[in-house]
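Read from first to last, the chains carry the letters A, B and C; within each, the first residue is number 1.
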Amino acid sequence: MSTHAHAHAPAPTAASPPGLSHHHGEESWSRGDKIGVGLAWAAGILLCVLAAAIVFYMLFRGLQYLSFSLLTSHPLPSLDQTKSGGFLDPIEGTVILTILGTAIAAPIGVGIAVWLSEYARPSWLARAVESGVEIVAGTPSIVLAIFGLLVFQQSVFGFLSFTAEGNAVFGRSFFTAGAMMALIALPLIVGSTREALQSIPSHVREASYALGKDKIATIRRVLLPASRRGIGTGVTLGMGRIVGDTAIVVILLGASQQIQPENGTPVLGVLKGTGSTLTTYVYNNSPAGEGGAPQKAYAAAFVLLVIVIFLNFAVDMIARRKEPTWTR
Amino acid sequence: MDPLSRAEEEGVDPLREPLAVAAQLPPPVRRIAVEEPPTVAQPPAGGNGHVVPAAVAALPKRMPRAETAPLERMRTEALSIAYGQKLAVNQVSLSVRRGEVLALIGPSGCGKTTLLRSLNRLVDLTPAANRGGRILLDGEDVDLFDVTHLRRRVGMLFQQPNPFPMSIFDNVAYGLRERGSKKPSKRALEPVVIQALQRAGLFEEVKDNLDHPALALSGGQQQRLCIARSLAVEPEVLLLDEPCSALDPISTQVIEETIVSLRSEIAIVIVTHNLQQAQRVADHVAFMYLGDLIEYGEAERVFGSPVAERTREYVSGGFG
Amino acid sequence: MSVNGSHNAKPVDRTDQRAELALGALASAVLLLIGFMIVFVFSKAWPSFAHNGLAWFGGGGNVDEQLANIFNSPANPSDYVYTMHAWPLLYATALITGGALLLSTAISLLSAMFIVEFAPLAMQRLMQPVIRLLAAVPSVVYGLIGILVLVPFVGNQVISGAEKDSVRYVIQLDGTSVLVGVLVLTVMITPIMVAITTDALRSVPRNWTEGAAALGVNRWRALRTVGLRAARPAIVAAAVLATARALGEAIMLSMVSGSVGFAPNPLDGTTFIFEPARTLAATIVDNAEGLSVKPFGQTIYAFAAVLLISSFFLSFAGWAARQSMRKYTLQAR
């Protein structure tokens, strides 16, 4: 038996067969259609070219300007670029802020997701909370940042940052920035966790209740462990968002290049103090900031891009791990 | 693997975390009470196929219809279709004529739908499908001309009515608008749309509501709308894939009447698993079983005095 | 012990009730937070609106001069300067956001159609990581490439000397412009739209795609007429998300679209796209150091309030648009 393989080739044209009635003369692909398909191809190729261009350009510049010393030395104030040091503190700042933001967002996000998925009573409240999470997701981070400043400059929050003489609360510190970073990661964690919880079939919950466990124990011992994959995905996505954000850092972390702890206590002092992150380092060293060091900006931007790509890769890895199979 | 072993493999201690293990158990089974054993129909005994089983004699009579002079429009020659390794249609040759309704009958999985969908090359949309043999439309091999042209000449109606998310008017006008570069004006389209709706028997019901969304119609109306939509492009052949199986009896009757009235202008092929429907509408019948064409001939003969043993079994309800 | 079939089994003892209350309170905290945000931002912004009335939204004068005057207000609260006519900023926001949205919608629809129907299998698989990558790049990296590569290119190669001369007395053209802002912003918001539109096109019921094919309509036409139509609610949702992202983009735009509160003049012809502009979000970032000066801070919060209202309005508009499209989608039978 001969085989007819019918591949999906774009825009085949054929002359109209002879001897047809009024179907004559109408091409199956008009000129407009062919232009349309051509544009579709162009759009797809454009996106690929853009992605490749960004990656290769940053790779080129990054390798050109990055050096080990940049990664390990502290930034120093100096107009002379050979003496202005590297970006160790911004790297530390990024790490601290990401961990802090995620640590705040994860329990709250999982808690909200559990409530939305397992309780959700009364229903008007559940719908309102859902909309609320969406609104937080849609609010620009710059607005969240200056709102955060407003809140944390109230004297009641003075313990979170530096308080000057005359009782003016500075309001800028790792704590305050971390709190607002938690907000931007929150919707991602809530969404992912909720999806994971909702994909667990109800007979699993029934089995647990039948064994005499109450709801909260079921959630803690059965549902949450089973949702590890979704929680992991959400947390990593949230981390990606925190690492990449600049606006909140600009407003809420204080403008110190180096990490300046507020007082001598080991961890709390740093968290109450100010610092910078890779994102503000890039911003400040570009022509938009003080601008003197585009080479260092490139190097730092390259490191930032590597971190973000790695986090994205990690999301893929987590998402691909074997899903628990629920026998039905 | 049983839940206990699987749990241990994942590092979960069954004694400490019975819930995690319990979660792996299958859901509880609901029992169904069985009161009587099912009955199996017995095939008629003996004979060479000249005996008319009592069951067949009680089947509905053919619907009254006008006399026509059949003219061949399409023909398949040793057509075979396979999905990957599985042969769905095996060397089938039959003829589709204007002026008559050809019914493809047979149990599920016999290949009748696959055969139907090959006539307008819709099987080509399935990547794993391969075709052998030839299909001819008015003497020309359908693979040699453009597939969109073929589909304008050979229309199709689907089992589940599928009006587009547009108004009734736009649905019927769709095929006429979306071909070629010139867009016909609404005024030019109106008479065509109205005529198509009349031929489909829907016009009276919707004539004041042509701009309403088509999805608001009932199931039977939607299917008639799909008929009108196909008729608007003036096909030479119309393929119907179990068009009434999702509809109520009254809509079914209306559509069967439409089919019979259309057959004098258009060649009709209908796939149906409903033997009574085939009896009512068909002029010619092709019975297929597991991909083979078992019997092919005039409806009265195939139903009244089938030659093949299997046809006899099927037609008298021996299996389905 | 009763066994229910639903997730919402009644809590059977006090720990359960307490847990439900605790979690519910946590969830409601989100609503409280949003409430606080609205109240705080608006109450801080109110004096700026109150002192200017509707003229706040109008034009007249140079925005940067007005901001400087506000910043330099005398220390006496009754002498605070509040005069602000923010039209150039509103206009710039609408222009850049609108331009990026138009471009992005065109590119997204076309590439989604490409991915779903015309791309060979290898390219289909390539597009997913491509889109993810474009979505993941931080805005400051986009800004860096913009300011170090695109802006000098536009400033030196694209804008001609004659064009620079033609507006010399009004504004200096150095490459930071509406054009670069719109182009980079388009690249930033396209991935969201492409992802959502591709999903939606893939979910068009096979019934419809086969029905269109059976009528002899070619693949492009069928996709354009039936596919896009079926995907309309998703496309609207995608556009709303993309616009929200564009409105909130502060850092990248402050790097590439210009640091002056200038209103590009369409009467300048094509030179108009080379003129700099600054959106509301970029203005907030650029002026964040001045927040401690009271009237200045209140003006900045007024900008933020406008952004907040816009993003609420966007969400509502998207929801309303999707509601009205319901009658054309498949109802579950």
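Just so it is clear, a residue touches a chain if its C-beta (ideal position, glycine included) is under 8 Å from a C-beta of that chain, and two chains touch if they have at least 3 such contacts.
Because the structure is a prediction, the values reported are computed rather than measured.
Novice: Which two chains does the highest number of contacting C-beta pairs join?
Specialist: A-C
Novice: From chain A, which chain is the farthest off, judged by mean CA positions?
Specialist: Of all the other chains, the one whose centre lies farthest from chain A is B.
Novice: Based only on mean CA positions, could you tell me how far chain A sits from chain B in angstrom?
Specialist: Whole-Å distance between the two chain centres: 50.
Novice: Counting in whole Å, what is the centre-to-centre distance of chain A and chain C, each centre being its mean C-alpha position?
Specialist: 17
Novice: Taking the mean of the C-alpha atoms as each chain's centre, how many Å separate chain B from chain C?
Specialist: 49
Novice: If you look at chain B, which of its residues touch at least two other chains?
Specialist: 148-149, 152-153, 179
Novice: Counting only residues that touch at least 2 other chains, which ones in chain C make the list?
Specialist: In chain C, residues 216, 218, 221 touch at least two other chains, as defined above.
Novice: Going by the touch rule set out above, which residues of chain A reach two or more other chains?
Specialist: If we look for residues of chain A contacting two or more partner chains, we find 28.
Novice: Which positions of chain B touch chain C when the two form their complex?
Specialist: Chain B residues touching chain C: 120, 122, 125, 148-153, 155-156, 158, 160, 162, 164-166, 174-175, 178-179, 213, 215-216, 226, 229-230, 233.
Novice: Going by the contact rule at the top, pick out the chain C residues touching chain B in the complex.
Specialist: Interface residues on the chain C side: 205, 207-208, 210-218, 221-222, 225-226, 229-230, 327-331.
Novice: Which residues of chain C touch chain A in their complex?
Specialist: It comes out as residues 1, 3-9, 11-13, 15-16, 19-20, 23-24, 26-28, 30-31, 33-34, 36-37, 40-41, 44, 106-107, 110-111, 113-115, 117-119, 123, 126-127, 130-134, 136-141, 143-145, 147-149, 187, 190, 194, 216, 218-221, 224, 241, 244, 247-251, 254-255, 259, 281, 284-285, 288, 291, 300-301, 304, 307-308, 311-312, 314-315.
Novice: Under the definition above, what is the set of chain A residues touching chain B in their complex?
Specialist: Contact set of chain A toward chain B: 1-6, 12-14, 16-17, 19-20, 22-23, 26-28, 30-32, 201, 203-204, 207-208, 211, 213, 217-218, 221-222, 225-226, 326-328.
Novice: Quick one: in the complex, what on chain A touches chain C?
Specialist: These residues of chain A touch chain C: 8, 10-11, 28-29, 33, 36-37, 39-44, 46-48, 50-51, 54-55, 57-58, 108, 111-112, 114-121, 125, 128-129, 132-136, 138-144, 146-147, 149-151, 183, 186, 202, 205-206, 209-210, 212, 214-216, 240, 243-247, 250-251, 279, 282-283, 286-288, 294, 297-298, 301, 304-305, 308-309, 311-312.
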